[in-house]
Amino acid sequence: MKVSLGRLKLKNPVMTASGTFGYGKEYSEFFDINKLGAIVIKGISVNPMPGNPTPRICETPSGMINAIGLQNPGLKGFLKDQVPFLKQLKTKVIVNVLGNSADDYIRLAEAVEEAGMNAVELNVSCPNVKKGGIVFGTDPKAFEDLITAVRKKVKLPLITKLSPNVAKISEFAKIAEDCGSDIISLINTLTGMSIDINTRKPRIANIIGGLSGPAIKPVAVRMVWECRKAVKIPIIGMGGIIAAEDAVEFMLAGADAIAVGTGNFLNPLTTLQVLEGIKLHMKSQGINSVSEITGGLIC
Amino acid sequence: MKVSLGRLKLKNPVMTASGTFGYGKEYSEFFDINKLGAIVIKGISVNPMPGNPTPRICETPSGMINAIGLQNPGLKGFLKDQVPFLKQLKTKVIVNVLGNSADDYIRLAEAVEEAGMNAVELNVSCPNVKKGGIVFGTDPKAFEDLITAVRKKVKLPLITKLSPNVAKISEFAKIAEDCGSDIISLINTLTGMSIDINTRKPRIANIIGGLSGPAIKPVAVRMVWECRKAVKIPIIGMGGIIAAEDAVEFMLAGADAIAVGTGNFLNPLTTLQVLEGIKLHMKSQGINSVSEITGGLIC
Amino acid sequence: MRSLKYVLNKIIKAKIQDNRKIIDRHYLLTLEPSTAITTPKPGQFYMLSVNNGLDPLLKRPLSVHNFLDGKLQFLYRVVGKGTDLLSSRVTGESIDILGPLGNGFTVSKTKQIILLAGGLGIAPIYYLAASIAGRKPVLIYGAGTKETLIYRDQIKNLGIETVIATDDGSYGKKGNVVTVLKKYLKDTSLPYTDHIIYTCGSEAMLKPLAEFASEHGIKIHAAMEQNMACGVGTCMGCVVKTRKGLKRVCKEGPVFNLNEIEWE
Amino acid sequence: MRSLKYVLNKIIKAKIQDNRKIIDRHYLLTLEPSTAITTPKPGQFYMLSVNNGLDPLLKRPLSVHNFLDGKLQFLYRVVGKGTDLLSSRVTGESIDILGPLGNGFTVSKTKQIILLAGGLGIAPIYYLAASIAGRKPVLIYGAGTKETLIYRDQIKNLGIETVIATDDGSYGKKGNVVTVLKKYLKDTSLPYTDHIIYTCGSEAMLKPLAEFASEHGIKIHAAMEQNMACGVGTCMGCVVKTRKGLKRVCKEGPVFNLNEIEWE
């Protein structure tokens, strides 16, 4: 089940999506999270962020909207309270970071590197907080400058997480590749909104939030496929994966590894079940290596 | 229940979405379609189009993907076979048109005007056919030129239907308004894709198609809200409406009228039920006019 | 335009009277419509909502398998999420159905009728057989193995000439239905062209069958399948190519003159 | 880290033994877990999947209302799609549940206990009352009208001092539970500060209650609610502001010391 995402080697292609697995502790009460290919930590910023007021989440048809507002303990709090637990894990740990300037990202990435984490994921696409990346993720020039600047300073495998709220996602994939990103991950949430017709208020306090879950899977699969045609660097695919079938679909479209996000909320064991299911699928189809699935779409 | 979309006056705000109501005949077997505010005809091109090979549709979580490929009998066939039935209807008839050049659109719009139809809707956003609008709908300059050119020649109320596959839909809404579009309608389908993991083939022959249905509602509502803040012209909202609650949600976000698309497929009476449900909602909330709902979001 | 009352009758709530497994993955569903319905034609189908909630979103098309004492029967195979959920629904539950839809089989008044059903193709063919038993049709029915034959005994109760076949010869004649058909036609005294075949099945089975039939000048009508969203002719999802242009399986079909189909 | 076996025990299939309407829009659900479970603490909750398919997508949180002979009971009100679908599920059906989750009530060993439940707040408070009946708590329970009182008689069976109130006075004392509480405290011989209140309810009820309690130096703990996605502390959806920072209702709660909540 081994996969190589460039320099980042995973024991299997099943990862968690940032912001949906906490800092790993909660789900480690349910199963041995070392079985996963990698876990991805919720976005960390330089300073602590309180996040948005509640309600922060609401459900939509086959999906959910969240506007957590990137609540996090900040770099210091993360290093002190979470890193000791994360360091003793026997799986790869990837830290999702976000900032308002290239300097923020560099500072975070360098700290993550020093802390012995295995890779850094640039969240340039979070739609929730005005300065939490929305500019970097949807403006090609800002995007290019950011990745170039971070790449210069950071040796750790660099994952750039793409926003789906753009006209042509492959354009951003290409820039990420050209500027030295080792890996791209996609998709982050689609911007969405829901209104309570009786109170006439938005269902989440932030008015708009990020749509995730099975509802967005067709958009995510299409985007992975478009990016696969545009770039050679490895792709981590995500968006609505809740079962092994979904994971294989992303891999056929071109993903080298996949991440489970909202799926974790439905059942704490979703990642494990996805992993077991991929194994079963490979066995039943006589597939020996995950790489025989990646990009295997026939069309 | 009357609503004025500028010069286009409707008896109520419930319309059908292009491509989901045929030419009106099929559903008129189930109910009196004259009860609706307007019916919108499937996209017509200058020459007949055969559409895509099958499978043309597949289901996704709370949604569906279609790649019909704009199969239609062409202008002549439409005028001959459909217009006589449409002319005797006692509701407004809006014709959705698509072309490869401004000239195509002008020719279609002029013919629609002559045929006595009530408005023309420019499909600049259909993602299925390479030249079926994708350029116009996602490129601001081409979009601007098209609407300007059509507006010059066509007196009929002009509806521009926006594509959601852009980074900032309000930018296109603003251009449409500035170039003289009377009304905007949104959203068309999100581009999506689905793969059969056993055959490894795309689930629809065209590989990619348009995602519609309740799954996309949060994206659609958000876009209507963004456009409402950007323009003053009337908005027709759509995307996943299957019940009156959904319709009211769109109106609160800023829609002056709404259209039911995929919802028709779930039940031929969906439009009627939406209409009745809006009436009930207004009664129970003491609302006298639809305009008291439009834009009524409290935030 | 048909009268409103008649057509509204097509949007029906029905109660599950029975939903039982017949053989592995195959179920027989018996529904009691909440309002009296007219007798559907063999070959017509219904759209069934398989679940509450918005997933699955669309109704699923199933052919009428029988109509007895006002009750509708459907025979279905679990192939995916929708049919899987349908199979989990139990007696007493209510379900929305839309139909009957499409055009059924138009039965020849003069020719010798051959009914041809491979596997689940028996779903509509059984109903057709039951309703034209008096016309003395011949039924050729086959499956992979003895275990995957959906019916063995009930078929005999139809009281018509029946040839049963299995691919592996574990029951009845050995071979697939097309082979058996060829043999049957070869052995019969009537000329090939005096027959008409009514069948139902996948493209994979119908295509060679159509070729064989047109080679020998045999008329053949088949109930065809395509992915459907609306079932009533508006989505344009379910088309097939015919010599007379694109036709909708749900509206102009599902029964087509196979000789007119233009295969890709 | 707790032992794996214990925690895996939280992911359970359960069979619906009963799902009955109590009063308008209120149902009592009795579940038989497929594996033996340990006794949940009053105030803890479960996440329940209400339907098959992907809509509704998320599980719904419900407080433990009772635990009898290894069976779990939940008392719920139909407020939206999820609870509506739940109310349509019938005896014999299977349902996925996750729990018990969160921290229950920590019962004071010294103070006079007042249990306060308005409307559906009775769901967890009933379980708490039943399990600490020996501590002689006082239960103040109210609803809008006689018809919307969920229990009248069963409450008496708890064998504890109970004050029932309705807003319109159609049964028991007239007034809402907060008014009744104030009157009770005024009339009792014990000083205000010798009491501790355990309650459950919406922000609208808890906020004035918290103010009243802190004014009089009364300790008050409440089971709180927030929209939840995960129920186990990972989504950060369910936070409340406390003097010690943001806390997750599902993990650090749902029971909080109300005096520490910072209302917006």
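Descriptive notes on the structure:
We just call them A, B, C and D in the order they show up, numbering each chain from 1.
Definition applied: a contact is a pair of C-beta atoms (placed from the backbone, for glycine too) under 8 Å apart; a residue touches a chain by one contact, two chains touch by 3 or more.
The structure displayed is predicted, hence computed values, not measured ones.
Chain centre most remote from that of subunit D: C (centre = mean of CA atoms). Looking at which of A-D and B-D shares more C-beta pairs in contact, the answer is the pair A-D. Look at where the CA atoms of subunit B average out and do the same for subunit C: the two points lie 36 Å apart. Between subunit B and subunit D the centroid-to-centroid distance comes to 47 Å (mean Cα coordinates, whole Å).
One finds 53 Å separating the Cα centroids of subunit C and subunit D. Looking at subunit B, residues 61-63, 213-214 sit in touch with two or more other chains.
Shared contact sites, meaning residues of subunit C that touch two or more other chains, fall at 54-56. Chain contact topology: the protein chains form a complete graph, every chain touching every other one. Against subunit B, the residues of subunit C that register as touching in their complex are 1-2, 4, 7-8, 10-11, 49, 54-59, 82, 96, 98, 226-240, 246, 251, 264. Contacts from subunit B toward subunit A in the complex involve residues 60-63, 65, 138, 165-168, 190-195, 197, 199-202, 207-208, 211, 213-219, 221-222, 225, 240, 245, 248-249, 252-253, 281, 296-299. On subunit A, the positions that touch subunit D within their shared complex are 19-22, 26-32, 42, 50-51, 53-59, 61-64, 66, 68, 71, 213-214, 242, 262, 264-269.
Taken in their complex, subunit A has these residues touching subunit C: 61-62, 214. Within the complex, the subunit C residues that touch subunit D are 51-56, 81, 85, 88, 90, 92-93.
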